[in-house]
Amino acid sequence: MSLIKKVVTWARIKSPWIIHFNTGACNACDIEIVAALTPRYDIERFGILLKGTPRHADVLVCSGPVSRQIRDRLVRIYEQMPEPKFIVAVGTCACSGGVFQGCYNIQGGIDRVLPVAAYIPGCPASPAAIVDGVVKLLASLDAQSPAPDPADAQPTETEAHA
Amino acid sequence: MPSEEIVKPRLAGRFPALADRIVLQRPRRFVVETPAGQFDEIARFAFGDLGFIYLCTITGLDEGDNLSFLYHLAHPDGTVLTIKRSVPKAAPTVASIGPLFPGGQIYERELVDMLGARVEGLPPGHRYPLPDGWPDGQYPLRKDWKPEMLDNPTANTAGGTHNG
Amino acid sequence: MAKVTVPIGPQHPALKEPESFSITLSGEQIIETNMRLGYNHRGIEKACEARTYIQDMYLVERVCGICSHSHSTCFITAVEEIAGLAVPPRAQYIRTLIAELERVHSHLLWLGVAGHEIGFDTLLMYSWRDREVVMDALAALTGNRVNYGINTIGGVRRDFTREQLDSLLKVVDVLEERTKYYIEVATEEPTLINRLSGVGTLPHDDAVRLGAVGPTGRASNVNRDVRRDDPYLAYADLQFDVIVDTHNDVYGRTLVRVGELMQTYRLIRQIVKQIPDGPVTVKAPRRIPAGEAVSRYEAPRGEDVHYVKANGTDKPERVKIRAPTLANLQSVSRMLENNNLADVPITLAAIDPCFSCTDRMIAVADPASGRRETLSWEALRQHGIRWYAGRGVDFAALNRKLGRKLGRNA
């Protein structure tokens, strides 16, 4: 990976842009996700920004137990996100299907469809739990991806665009 | 005079055959089971003469050989009159209640999707509530339908608009 | 529990996702709106038949993540009616208290969402800050911010102490002060009044014909409120006014909701003052005798209707739920007639729909110009804000004013 790409990747993990997607939830978790953005919980102080489009997002924050009709759209949104990308399952339904397990129109949790990096249970997951979960995810990614060292740059490498 | 006091005498007065079928389940709750073919008249009378101008919703029931539809009508003063009609499952056709209650069409679409009712007079429109691509002939609220049946779908290219 | 897999069918790589709305335009003006509903269908009614009544109460509580107590209570009331249970008065008062606290958090949430849709984002920040006061109160009383789990068959699972009840009086005092300010903004700020007036008009006769309920109907002078008309819980003992308005538009729906907040504070004070002593539950059978009941409840969004049929076992024969949003969605096409594309987000938000708006796709077509595109909800919201800003309805100044008046971010 080129140095520029390494720096960009590291910067994204330090200050990720998130996209929020509801896969058939009752809305309780969605409201708590939005509440996490309001001043009392203020997830933005961690440098986390809510973005409208998957093409610029690093973290997909998902609620809901994945209904039949939304499944393809969920996958398409994930496919549009550039690497590296991570999914956070917010709420018990997103973790496992919750009370809707076994309902015929429900897949039963985000990880039935896509890989999940962090699970935040709760019915609904509280804003404090959401902030905590996202921050823990970032810390674990940070531990895996220390800041790039300019000394790693190889003189003959071309700087490809991300 | 509150509607609760007039429902039974006026309904029985207009439709004598109903007299024994009008039940007050508890204050402000009436149920009447209509004979086949008389539903439209009774509904129109309840709406126009008795003042039951709101349709709360329509409940569909799978009752074995028959499908039953419960039309829950409400009066501004709080009384609910449920009019029940039944059709054989082999020929589950009813006329739309749209002319009286335009808001009722969405509840009728639900009967079509979930119980396999046929509602004549429904204008073209999206199905409700099942997703496009739902296999034909599978009616989730029928007692003999199980979710496992979805794993063995029949051809399901039909979707989008459909009539009742 | 059965595992369900997506049926194997023809694979369309460019599978077009279903649009929730199809709007036909002439320029910016809306000619026709078609809606596709059911995107949030989860199969709850069928699931209810395979679960016990108590399990169903917890499932039904999650039909909507805002009106959770509404659905739980409406359902359990029908079951109790069939079983012939006499729920103790103190339990009814507790249920009513939670119901009205739920109405507060729901209406404050709505204020913020409405503000967000039109670009009045300080309203979102402040109303949701105030909403946290009632969320804290609900969490302190019941253990959760939403999905309170306060009900059981035959009453409620927890009792409240006199101290807990009295602490709500301070909560109500604080919220009433802040709500008075929102009413001031709603009735005196020309930017807001202009933006919301004449938008999403629903004439009275259409509101009746199409079955509009709750604040949506009441803003078109449909004088219906289940708490007064078909009393349940403790409402027959309590004094309150039903708020009706004649504007017929989004502005009217705003006035009705802030007016209802004031009535709700009145109700909470009465409940705290006159709640009777006594037990909070009666013993309930596991098997509910054969019978049926129609239960109605005035949720924050309007009339919620549950039908339950019991068959003598520990599981219901049938559970039918008609949430208020479904009734109100029938009016949206009429509301949007002759409005502009820019009005779609706030008009839909004004019925306070119980689904997540943020991921709906809207198909837009203008046959005369050949325009055909699909917009995300967010894109449509931005369009609405820009379009109106271009016509002088701009919330930048009001955002600054509200920011100064209500002080720094709490």
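First chain written, first letter: the chains are A, B and C, and each begins at residue 1.
Basically, a contact is a pair of C-beta atoms (placed from the backbone, for glycine too) under 8 Å apart; a residue touches a chain by one contact, two chains touch by 3 or more.
Small disclaimer: the values here were computed from a predicted structure and weren't measured.
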Most remote chain, CA-based centroid, reference being chain A: B
Pair of chains joined by more contacts [C-beta pairs], A-C or A-B: A-C
Approximate Å spacing (C-alpha centroids) for the pair chain B, chain C: 26
Centroid distance [mean C-alpha coordinates] between chain B and chain A, Å: 44
Rounded Å distance between chain A and chain C, as computed from the means of their C-alpha atoms: 28
Multi-chain contact residues (two or more partners), chain C: 2, 4, 18, 38-39, 41, 43, 46
Touching two or more other chains - residues of chain B: 130-132, 140, 147, 150
Chain A, residues touching no fewer than two other chains: 67-69, 102-105
Chain A partner contacts - residues on chain B that touch it in the complex: 130-132, 140, 147, 150
In the complex with chain A, residue positions of chain C that touch it: 1-4, 6, 15, 17-18, 38-44, 46-47, 50, 58-59, 62-66, 68, 109, 124-125, 128-129, 132, 144-147, 354-356, 358-359, 376, 378-379, 409-410
Contact footprint of chain B on chain A as seen in their complex: 67-69, 102-105
Chain A - residues contacting chain C, complex: 20-22, 24-32, 34-35, 38-40, 52, 65, 67-73, 76, 98-108, 123-124, 126
Contact set on chain C toward chain B in their complex: 2, 4-5, 7-10, 18, 34-39, 41, 43, 45-46, 81, 208-211, 223-224, 226, 229-231, 292-294, 296, 303, 305, 307, 309, 318, 320, 322, 326-327, 329-330
